[in-house]
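Here come two complexes built around chain A, the first alongside chain B, the second alongside chain C.
Then we have the complex of A and B:
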């Protein structure tokens, strides 16, 4: 009886979400209107079809840099406090995972990372961007860690190297932001041409920032997850 | 009524659903659903970027992290050896008086009961290492270790000492670990030396006990649970729960069901 109720509930849930997908399939994002100056001028000025990305990686890039800095400090804090007491660290124990999780992880890991990459690279054209794309990829890694064991995943990511990459990317972003000064412009200004609206290589520096932020968030999410797992001793 | 309105109405319903759940897993699943509906609401409010992030973080990452955390903390681990009628395996399920009492107790705490079967002598060691919360399976209040905390007795019992067998086999006597092994030894007429509580003795006496010496141990005994020494507050909670069961005659009903 209880079992039947759960199955019926699950079927209702899945069909509900299918209906939601169906209802929203014809949806193409916010349409610009002439009386909204942001919507009218944004695409032309930034070269990004997705105006949200256009705003936070062009008009308000200064704010986004600090947002990135906050994220970096959060990751640093997790690393620092969870790795502080090495003596009490338990060894990571591998729990035999149920076949359901293992098979689901095998099937889902590729698509999840693919979606993450898509969200990062196409961030200026469709909904997405470095922050959400990186988080999606990090979630995929967590799924992998749950199925295969955290140490297996950690061995593929050499801790020292990814740490250097993470901080290196922050440095590159900050340097990249002050490059315009060398050419006599204000920092953070976009020197690259906006390109043809709607193509992959458009939007000036926005795709570059998206990729850099995406890699950074991806690594940062994994570092936080791995610190938690390592500190607790098991996943 | 548009789809957006339906989603907005669903939000408080799901929020109340997650808040009202006793089981933590159900609450977390409710929160994941809430997060998904939030994402859909953002989509209808023309904020697809926020919807994607909400789905990735709220529905996936947070739910997943909670589920992992619950796997470790959301359970009440009972460690015991099998004792007929108290805790025993029957067709892939674990049933018995102690199981039912503790399942009710776990439900009250919002935890899931997990039963681990170990040799009877290992019960206190496992409790001492903090790998389990409660020890059971016919624990007699008198013979408890000082390291653990024992609850009040919930059912009177007795102790029987069973020993004997063909003495020529003394060398082959194996160490009985599980109660199953003791039963096996009696069935094969091997020498046995064990102190059995009432529930186990009744099960053993169904076999042919002739040739073994059986003596009743003097004294008043009753069954109780052991609680991990790290969790004194769990002891008082369990004691209060047992007392409530006794007062409401629920205990009598349970005992009648399993012991008669």
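Then we have the complex of A and C:
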């Protein structure tokens, strides 16, 4: 027991010192447009006012694509392992429907989906983007599942079609990012006109990627939630 | 109170996460600790250069001098999504283990596995 305590103390010490060293020696951040290339030329080059979106969907597009691939594989794994054996499903008695949850879901579902759509569509102009907007939409569906029961919500989305849409969108995104490179275009800046800075139709292909990623994350979040609920029996 | 900033809080949270990850035996709490470590690293990266009067790098209006560097925040997006995927998948494996051994205690699960292997 004493031995483990010493080991733990050592690990804590080492990790703390690592972070402190990283803090003192490393990165101070280039602030202001004079010495930071992203701040100086980012908006003009990508066409996105929100520079964070400009970086992760233009300069570092392939980073985001592989991140999306990791997300898809995790969703696939969750669905595969949770639907592996249907035989020994535990029977959970559904809690009687509460009017509070029902009314709250009725009131909140519309605004939540609206906020999700706003975050997706305006991702290159304001804080937001495909990932956060899709997650917000998926949370709205979770609220709906809590109010109506997960099977009722799932019946409205036909599972086959959802699966095809999910993987089809992933294919479209990958083709969209790879095929222009084969023909000598850089994937984003040459494909569409950049538009006027700060308007909705600007940023080249960034809004398109945002919408595709948003739909993908929305479906993926719902699939994860539904797999957990379905495995348990009911919410 | 000047020294308490996001970076200090992140380091403390990181320590708590590592500690819980090692010393607690419950698998679900281990996963919570993993989430804590991820959150602390996100906080660390975001607050690395966002001290003082830095403002978010969304360029409306004339170009001011104190926009923060957008690069760490763009990297944080990947960290958040990958952590979500990791936790979901790990939780599934914990659920499978619990259905088989009827406990979330990692030491007892190890004992059970050892017993199964010997028999």
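Of note:
Here is the rule we use: the second predicted complex is superposed on the first by the 187 of 235 C-alpha atoms of A that agree within 3 Å, B and C clash if a C-alpha of one lies under 4 Å from a C-alpha of the other, contacts with A are read in each partner's own complex, and residues count from 1 in each chain.
Everything that follows uses one rule, which is that a contact is a pair of C-beta atoms (placed from the backbone, for glycine too) under 8 Å apart; a residue touches a chain by one contact, two chains touch by 3 or more.
Since the structure is predicted, the reported quantities are computational estimates derived from the model, not experimental observations.
In the superposition on chain A, contact of A:50 is made with both chain B and chain C. By the document's definition of touching, both partners, chain B and chain C, reach A:127. Taking chain A as the reference chain, the count of touched residues is higher for C when chain B and chain C are set side by side.
When the shared chain is aligned, no partner comes close enough to touch A:83: not chain B, not chain C. After overlaying the two complexes on the shared chain, residue contacts for A:63 are found with chain C alone; chain B is out of touch. Judged by the touch definition given at the top, the superposed model places A:164 against neither chain B nor chain C.
In the superposed pair of complexes, A:98 makes contact with neither chain B nor chain C. Applying the stated contact rule after C-alpha superposition, one finds that A:199 touches neither chain B nor chain C. Once the two complexes are overlaid on chain A, the chain A residues touched by chain B in the first and by chain C in the second are 20, 23, 27, 29-30, 50, 52, 126-127, 129, 131, 135, 228. Only residues 7, 10-11, 14-15, 18-19, 22-23, 44, 48-49, 54, 56-60, 63, 65-74, 77-78, 80-82, 84-86, 88-89, 91-93, 95-96, 99 of chain C touch chain A when the two sit together in their complex. Residues 3, 33, 36, 40, 43-44, 46-49, 51-53, 56-57, 60-61, 64-65, 68, 72 of chain B are the ones touching chain A in the complex. Contact residues of chain A toward chain B in the complex are 13, 17, 20, 23-24, 27, 29-30, 50, 52-53, 119, 126-129, 131-132, 135-136, 138-139, 142-143, 146, 221, 228, 232, 234-235. The touching residues of chain A, when paired with chain C in their complex, are 4, 8, 11-12, 15-16, 19-20, 23, 27-33, 36, 38-39, 42-43, 49-52, 54-56, 60, 63-64, 67-68, 70-71, 73-75, 77-78, 81-82, 88, 125-127, 129, 131, 135, 198, 224, 228, 231.
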